[in-house]
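Note that the chains take the letters A, B, C and D in the order they are written out, and that residue 1 is the start of every chain.
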């Protein structure tokens, strides 16, 4: 039985982690961390857990937690995980960080986009970027896992095969992304009030969203060259779900069947990536509550562009689900343990 | 392994049954019935099932199905199940009917409220009303199970203890109910279009909704006398969830603690009914996707009334989840098999 | 040209007042009060007003405002208006208070339900309760107008004729109300975040909501006796709209046509109250953005109860629209000036 | 007083036209056309019009209508208006066609994208494309007005200045559009049911949407060359609103201030186009219910692209509002008559 501690268990990603680990038969949560609700019953913060979780929330004592737990999940604001990381902690427990602190290899890029000093850059080299379908083997061996961001997960998985196989021109890449509101977190801000989000759509963080360098780094590995792209997220009036629509010029003269074959060659054996038939558009409703990413594409002969699309639940494959998938790999368990989640519809 | 067939598998309740049975380790679906989509791949109708369900939809040949299946679920319009019921079918397979055909014992009441002739009244006496927490023992032994309606499940469970213990005056009962839109089904009607339901709330079926006699019958058993009440459903712009708010005059001089004790005495051991503390109001978000009913109450000394509330997912405990719970009882399995569903939030 | 000042112009009700007064040809807003956004451009707080309103927000200097304005609207938290009221202010400007401070005649009742001391009870007697359809003549002559609450407006107008004419038993009255989320205000609270409200319905303030005594007082005038009732509000995932469903036992043997005739006798000449045919249920979508209240009813012979329903836009007839209607009366303008708002659908 | 007839008055665009014309003091609706609801009271189809519109719906007798009306609005499916157009009709009444029949000058392009024969191509040359801010003078003189599509209006107005002034490379244009669900019409289809649209986002018509050639034609006029672009619409769970996010490579070395100056030079005097400051993102909530288009942009130095954004109410500026604006121009009235609509928020 793996003993798990969660720092930031009362945010939306942390709460989703609790939900998923409740259904994971080899894990037991021993620490519900929440600075905001110390000593409060967890089920009083999230009443869905009434009669399911009896524990109270605890302060963020990571040194103590590292002694009690086999794995620590940090679902915390940027800078928090980097600020507490130490050899002592890593020698006692594996760490799966759901923040961005260890995702970007170039610390200067991190510091520029996140506007803060990185407090423990010495651990960046050993951290493994936890995109399971791409980095599976490295994940198995790490003790410090950088769980990918929601937009980067969906974007990278949707574009990776076409880019890696040289079908598209990396310099023409544009990613137009749409996310449900749980991605904005549970902080009490006017902009996230029901009446402000409902009946509205807007772009935000245009040309400046922090997930941009993360996506660029991962796609640069695929392209074998430095990729610079546009990434524009939009806020959609729904709770869960991310859809990305990506555009790139074709470099090769390929048919839709060729493109499908390329995607299948990467994902046919992947349980959590479902390749749709050419022309079928992914929709967030078909993956809600599950760990699936649905990817699809359309060829546009008129403009010689490939339109790549991906749909995913931002709290599952985009956060807690992928974290569990990574934990399974890191602990030698079946990769899909606790993740047999059939999408909930409607 | 129980072989299950579903008639009406492409309605919302049928599809939820598919979702739940996918996670039920002792059941295998052998028949996806759907008159509307015969020979179409089920996963093309419900793309959440892509790479999960490979079967195609089949016509409603119940005679044939009865031979192949151990249990038949009918998630069909009123009259359908009564129209096909026969000794031959019941001798070959157990039937769990999600429609209203066998819920009401007095056939005249059924025919009046549903406006149609009952085609097989001879089977009504043996049918068991599948409200598991109330009729558990009879359910175990039956071959014809009338799965309760969504509103009646939520209403009955929320009111039953107070009525049975004589705390409230049955003749003063008023139930004001609110439901998400999946309860209206997947039929293509203008009234159920997104733009008609969104940003709107309305009452419907006022003083005439068909669930009224079903609720009255069940509560009459509790009261030991004929109960006549007001039941008013409202349509709420959300996918899932039912909330009922019920009002009745107190007959006894009791404290909130007394009422809580009464509810606890009925439900403390019930996994799927969660009794909230006095004054805590149930919310549909805390039960979404799960088989729980959350019940709560408020005492109003000013008016000498008890306000009883219940929240539930209409597609789970209000339909497919309770159907699985009944199947488990009918086949001697643990009652909660396949129903360990942690509510999904947000 | 009437010079109007608004204290609390950046709340939802205040902003709606701005919207309506922009279309009122005899009024000019001279003061956009907002403690939270002093010196900030109003159109930067509400971008719908970009290129429409050029003013900046000002502090709450009511003494100064009273000199500049002919009418002061206070769309402020409870206690604010009572705290600043004085003979000097009222001698300079008329005051329309959208808070509850002057709605309740019995100061002890106010202080009990609102949990605060009333700072200027001496002005309560002269304040007129601004339910235009009931108190039209008194409104014309007042300088201190208590604008009714949203729930009380919808509840009182829906029930008043039946109660006044003795059709129903006041002691059996139960009001089950449902409101969109704008009624909860623009304060940044976790409970009002998009993800908390969306896909959810809940009751709140059960047996304790502050609008209860206000409704009781108004209905007591209608009944000619003290009315004590149950009022239960619910929060609905939509921006605007209030629906009330009220239940009462019939005292007279009347037909639906009789009831319709009673309602018509009260409202036939009222522009803003639309009486629906018997059996037609009001829906909030049909009044959104307008000053209408749609009222309807259903007779239930089985239970001998009358079910009365009313739908309204909580920000218009429930707040800013009624305030403008009152202003029109107080200044001798046509009652519907600036209120010719056709409901927006969808 | 202009006598107006509406063919298709019970669709969402037609109904919005009714709403707007109710507030237009120089117009009177003399014909509520609706094949689906012949002889039914209009207010029984759209209850928001209860006690506002007393007329009944009439059949589509355009010959008769042309005699009674000064202007005919056709808010009808593709092909309908082209099928009935004749010299006789146009000699009796001006026609404002809200369908696509007369928007595209090249009939072959129309027939290819719409998959139908054009029944009256002889009238295409004289038809004027009613994008008021671009074609104002020609609109004044026409008797056959092609009212622009919703996506083309928002796209063209958002991109036009940058393209016309040669700031961007037309061949790199990609338009990613998002629309509320009223754009899908009031037809009873499963895909538009509440439960299918709510909590979902999807692309549709990828590389094949019929608004593509219309946008390309208009932007080709601006570019002075043939423009071929990608246009990808998405369906968003909200009633109203269109947001477009457009990407193009910069051809000139310009600052954000330069771009702003270009947009201002085109739109400063335009009441209905509001140019936001550089970096401010338009949001659909700020224009809902009004005839405004809010346009904004972000310069991305990293990728040397200009990101152009526009937000609009699809039923107003994207359909009925622009139709009224065009009518005003065609009849010599002030362009904004009946369109002084302050955006409704929330």
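Heads up, the rule we're going with is that a contact is a pair of C-beta atoms (placed from the backbone, for glycine too) under 8 Å apart; a residue touches a chain by one contact, two chains touch by 3 or more.
Worth saying up front: this structure is predicted, and the values here are computed from it rather than measured.
Common neighbours of subunit A and subunit D (chains touching each): B, C.
A comparison of the C-D and A-C interfaces places the larger number of contacting C-beta pairs at C-D.
Distances between chain centres, each the mean of the C-alpha atoms, put B farthest from subunit D. Distance between chain centres (mean CA atoms), subunit B to subunit C: 38 Å. Between subunit C and subunit D the centroid-to-centroid distance comes to 36 Å (mean Cα coordinates, whole Å). Taking the mean of the C-alpha atoms as each chain's centre, subunit A and subunit C sit 46 Å apart.
Within subunit C, residues 12, 182, 195-196, 198-199, 237-240, 283, 285, 288, 346 each touch two or more of the remaining chains.
Of all residues in subunit A, only 12, 15, 19, 22-23, 46-52, 182, 199, 239-240, 274, 276, 283, 285-290, 294, 340, 342-346 touch subunit B in the complex they form. On the side of subunit C, the complex with subunit B involves touching residues 172, 174, 176, 178, 180, 195-196, 198-204, 206-207, 228-230, 232, 234, 236-241, 243, 245, 247, 279, 281-285, 288, 298-300, 302-303, 305, 307, 309, 311, 346.
Partner subunit B is touched in their complex by these residues of subunit D: 12, 181-182, 186, 188-190, 192-199, 237-239.
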